[in-house]
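These notes open a run of structures that come right after.
In what follows, chain A forms one complex with chain B and a second complex with chain C.
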Partner chain A sequence: MLLTQDDWYETSRDLDWTFSYVDRAAAFPTEWTGAEGIPEDAWEAWEEPFRVSYRDYVRVQREKESGVKAVSNALQRAGSYDQLPASHVAASQMHMGLITMVEYMAVTMQSRFCRFAPSPKWRNLGVFGLLDETRHTQLSLRFSHALLKHDTRFDWAQKAYHTNQWAVVAAKNLFDDIMLNADCVEACLASNLTLEHGFSNIQFVALASDAMAAGDVNWSNLLSSIQTDEARHAQQGFPTLEVVMAHDPGRAQRIVDVAFWRASRIFQTLTGPAMDYYTPLDKRKMSYKEFMLEWIVDQHERVLEDYGLKRPWYWDDFLYSLDNGQHAMQLGLWFYRPTLFWNTSAGVSRDERAWLNDKYPQWEENWGVLWDEVIRNINAGHIDRTLPETLPALCSVTQLPLGTAMSRDRLAPVSLVRDGRVHHFDSEISKWCFEQEPERYAGHRTVVDRFIGGEIQPMDLPGALAWMGLTPDVMGDDTDGYRWAREYATESKATESKA
Partner chain B sequence: MALFPIVGRLVGDFIPHLVAVDTDDTMDTVARKVAVHSVGRRVAAPPGVPSYDVYLGDRRLDPSVKLGELSLLPLQWLDVRIRD
Partner chain C sequence: MAQQRATRLRTWSAFGDLGRRPSEYEVLTHGMNHTMGATPLELPPDAHGNRWLREHRDGMALTVPDWDAFRDPDRVTYGSYVAMQDDRETYVEGLLERFDKEQHDERLTAGRLDLLALAVTPARYLVHGQQMLSAYLQQLAPGSYIATCAAFQTADQLRRVQLLAYRTTQLSRAHPDRAFGIAERTTWEHHPDWQPFRQAVEEALVAYDWDLALVAFQLVLKPVADAVLLHGLARRLDTVGAPLDSLITDDLVLDAQRAARWTRALLTFLTDADPGNRAVLQGHLDTWAAHGTAMAAAGARLLGTSDIEATALSTWDELLAAGGLTRPGTPSA
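Up next, the complex of A and B:
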């Protein structure tokens, strides 16, 4: 008689044993487990949030794989790529460049759980997590490789993390920190619980739905398939949070609060502009802010409440940022377009502007006036004045430009001096993150630090572009060739003749 | 005389920039070097020839004072305001 899963499951994953010739502390150093201050037997309470056998896992994953592959083969034959809107394609190139290698970093993180997680059940689940992330890496590389013949920008799926492109440096800084540098407990709370359970919805659900609407069935399908894995392995965060809450709630609160802010800044950079500016207007379902409120904020608040955590102290500032940060980022991305490896859609034609004003009542006052000057320059033929001549100042924690977290009204210096070096921050929140563990962040050098340190030669914008690995075939430009600005030309001439 | 990096923000613009100035630059020169990255790019130029004030925190700096006399750390944030 064959045993059912329930008969053997408990025994099969209870692989802990009592060490006889080595100290437990040597086999599981707390620097790796992150279990400092948590009694060993506390981990017995760690219960799997889902049960899966290897046989079942492989069967289900195999089905998913063949589903994705069938769709992508059919679409490649149909040549559907050529019909996609340019701004939408830009969003997929940005995603592939900035996310593919993060999937691979997640393989390493899950492997660390397999070896060093403080609970044998968790170590067991880590195996499925690492297989998931291997699949995500391979899927993304396969997708990008197939599109290389259309555009060399898809090469950045593999190349990006081997360059110094500034957005990559910022993303790498976060993921190095919470996936590769963190111990198991912290990696789990920051990456599984906060990032995957919370934020990956916005990249893999919202963007998948926008991609489907834009006609990119291939990419949409890939994102949705990845999300089915994310939704499962993200749950490793819950039992971990439960154990840490029982023994060191202050640490749990700090890890989650830092991770939530840092993740929200990266998604504001990536997904914010993609949703509010790149997705074709008639295909937009929700604004970035609406999606964040409904899918991320509500869910995060529920998790906080269920596990006895407090709302982060910076909640009001975070909500203010949801009204502004992605707009700052978009204006910055567009203005600094030669520093990107994807083309950028301005997304501020009259109709799009009406949508922005409807979704964000402060948009005109905070951002529209700045775009107006850009539009005047385009229509007067001064493209040179719509391009940068120096670098923006950068945040010592997020590595993102100062001024891109809030609005220009609230822009004020937030800085501190440590060992004779001035550190600037994009917000009081980022400064607070730094102050939690100054030695963790102080040694990181932003692109600006490297520039003034003489690493970038010649010390000008072309020198910086070469240093970032940006070649003319990938360097970003306006997706629409500035045609979107023409409809403003009449009004713009009128203003100029008055002046 | 030495090249000196500051963080310069033209008040009204949305980001401050890394600006290379010289320790011999007066505040008038510093102001122009900061403003060039914002005025006429994202912030509309005022009519006529614009003049500027430089602020260190809340303190308005004398237009003729030289940057080197302020003994600042590299990457000090200076605000530049269009004078009206």
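Up next, the complex of A and C:
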């Protein structure tokens, strides 16, 4: 008789056997399984949150592929790219450069689950994750490759992670760690549970919505299609969390708290500016903070609490950072624009500024005054004074500049000395992360460490730019050619003439 | 600073001077392993992941100037993979429906059921081993072209596991008096003719150096197991009169043939890349070949037909010959 999936599924995941030719522990070393301290039979409780057959997977995914490709081909023929706002294009270049390779890293992480996960059910489910992430890599590459004829910057979808560009180094440090270095349990809790279930909702849902509003149907369609896969395989995190909570809840809490902060800082760098500054004003739906509060605080955190996890100890500081960190990063990204491979939108015209003040009541006080200085320099013709001459000090955990996690009123240095070396941190939270596992971070050298160590020659900004792989054709500049600052000049002249 | 005018490219700069337009397959696969530098991961040099990659991948004796020069002869992309496999699964679905109408399982004789219980249904453990081993080749592969071949191969193995589970369950329902769905693990763990397979899987699982893992699995375990338990099995099932499983197995042979094609291409690629690579591979083969010959002999016994052993060995020899490799005890190529 013909069967339903439920009829045969149990047999397809009954795959463990008793080893006798080699020690099973050698074939499943805890350094990869992450199952140390968890009894072997505890993994029998690991249950897939969704059941997929190979047969259904290839059918459904084939349909999805055809759909995305048809939309993409039609839009390319229509030449819609040329009509997109420059700031929106910049956001898509930043995203493709920084995220495409992460999709490929996720292929390898899922492959690790296929090989080393402590449950055969998880090892099987990893196969679909492996395929999904291969899809996301290839979709992002195809999308970017098709746009090379418009702009070389899309070359960075393939190239970025082969360079030392500082934002890439920061992202690489995080994703190399939680996807390629971590054992299965940690990779699952940090990547599937925290990053994908928590933050990818922001990255893909919010950006898809903003992209659609900006008229970029092609990118929006791609992001949404990727999200349908992510929503499925991100759920691998929950059964793993359940098993670890039953046997080592302290470890689960620590992994999630560290990953949550590190991920929030990277998203504050990528998604924060894209949502609050790059998306054209009339197309914005929500601020980065509003999205974070809705998706992370209201949804993700509530789910975690159901599993017995507490909110991270640094919750109040995290909320404070939501009012500031992305603004600090935006100012830094714009100021250090020659060190980027995408153009930066300042996003602080009068109208945009009003929006920022509405969404972030402290924005003017904390950040507006700094932009005023930038504006004065632009309008006085001193563009050189709006450009960097040195590199900023970097955090030993997030690899992001010191002073970019909180407001400009909270700049007290945070550091510690270990084995004679001083480590600086962008916040007390990053320092706490470091203290959980000093050996995980201490031996790494930040871009600035390498600069000071003489690895980057000549030891000046051009030398650093060359070391980062930045060539004049991609080096970032203001997306609007500084025209946005003119209204301030006109207004100040009007004020002067009235006086 | 003057606003830079956007410049344009025809394809990834990473291709350099390719001298032709890259295929879609190449555009979607090229140069995606960012961990090939002196410190593989952007982490402390002594981080676990860095130590593992240095010891098990970068420390291997194979010399290849450009791993991204390898190409899958089938040029499989995600899109082509799901389309191709959807067609294959539609075909198998049709087989299942057709034979179900004919009450295929109910009509199987005792001898045929014995063969299915001995040589077919216990294979899901073997194939799960192959799934894990394929994934290991993927995660340590030094280039994304090879890794992508191994990724799709991993998925092929899950396909086979699920089809085996489907057939096992069908057989258990049609023949509740037999131990389908119950006895496979015992057969896999204890039947003497399964032991060479299980031993090879378990030992391959601890062969962590990538070049050794490649030889142990991709050049020994998988080609011999596929030659016996797919190619040989399909013929045997047909001969004894179990047409449904014969046809399903025939379809799985297509996946095995695709795996053999990229493996053969990889062998040629490696030996062309550096003449010294042949000796490295041969050295590993010398220590692993006995597993292959034992599996071929045991597989023939499982299927109850001795000619399968010779056929499997000759298929295996042919694969090895692509890299100028020979089984110990056979005349040099």
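The definition used in the following text is that the second predicted complex is superposed on the first by the 489 of 499 C-alpha atoms of A that agree within 3 Å, B and C clash if a C-alpha of one lies under 4 Å from a C-alpha of the other, contacts with A are read in each partner's own complex, and residues count from 1 in each chain.
Quick note on the criterion: contacts are C-beta pairs under 8 Å (C-beta built on N, C-alpha and C of every residue); 3 or more make two chains touch, one makes a residue touch a chain.
Quick caveat, the model's predicted, so the values are computed rather than measured.
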| item | value |
| --- | --- |
| Partner chain(s) touched by A:Ser415 [first = chain B, second = chain C, both, neither] | first |
| First, second, both or neither for A:Leu141, with chain B first and chain C second | second |
| Partner chain(s) touched by A:Pro401 [first = chain B, second = chain C, both, neither] | first |
| Most chain A residues touched (candidates chain B, chain C) | C |
| Intersection of chain A interface sets (partners chain B, chain C) | none |
| Residues of chain C defined as touching chain A within the complex | 1-4, 6-14, 24, 27-32, 34-35, 41-50, 77-79, 81-83, 85-86, 89-90, 93, 96-97, 100, 124-125, 128, 131-136, 138-139, 144, 147-148, 151, 154-155, 158-159, 161-162, 164-166, 168-170, 173-174, 181, 185, 188-189, 198-199, 202-203, 205-206 |
| Contact footprint of chain B on chain A as seen in their complex | 328, 331-332, 335, 367, 369-370, 372-374, 376-377, 385-386, 388-393, 401-404, 407-408, 411, 413, 415, 417, 420-422, 424, 448, 451-452, 459, 499 |
| In the complex with chain C, residue positions of chain A that touch it | 1-3, 7-9, 11-12, 14-15, 17-22, 26-27, 31, 53-55, 57-59, 61-62, 65, 69, 101, 104-105, 107-108, 111-112, 114-115, 120, 123-124, 126-127, 130-131, 134-135, 137-138, 141-142, 145, 148-153, 155, 158-159, 161-162, 169, 172-173, 176-177, 180-182, 338, 383, 387, 439-444, 472-473, 475, 477-478, 481 |
| Chain A-touching residues of chain B, taken from the complex the two chains share | 5, 7, 9, 12-20, 36-37, 40-44, 47, 57, 73-77 |
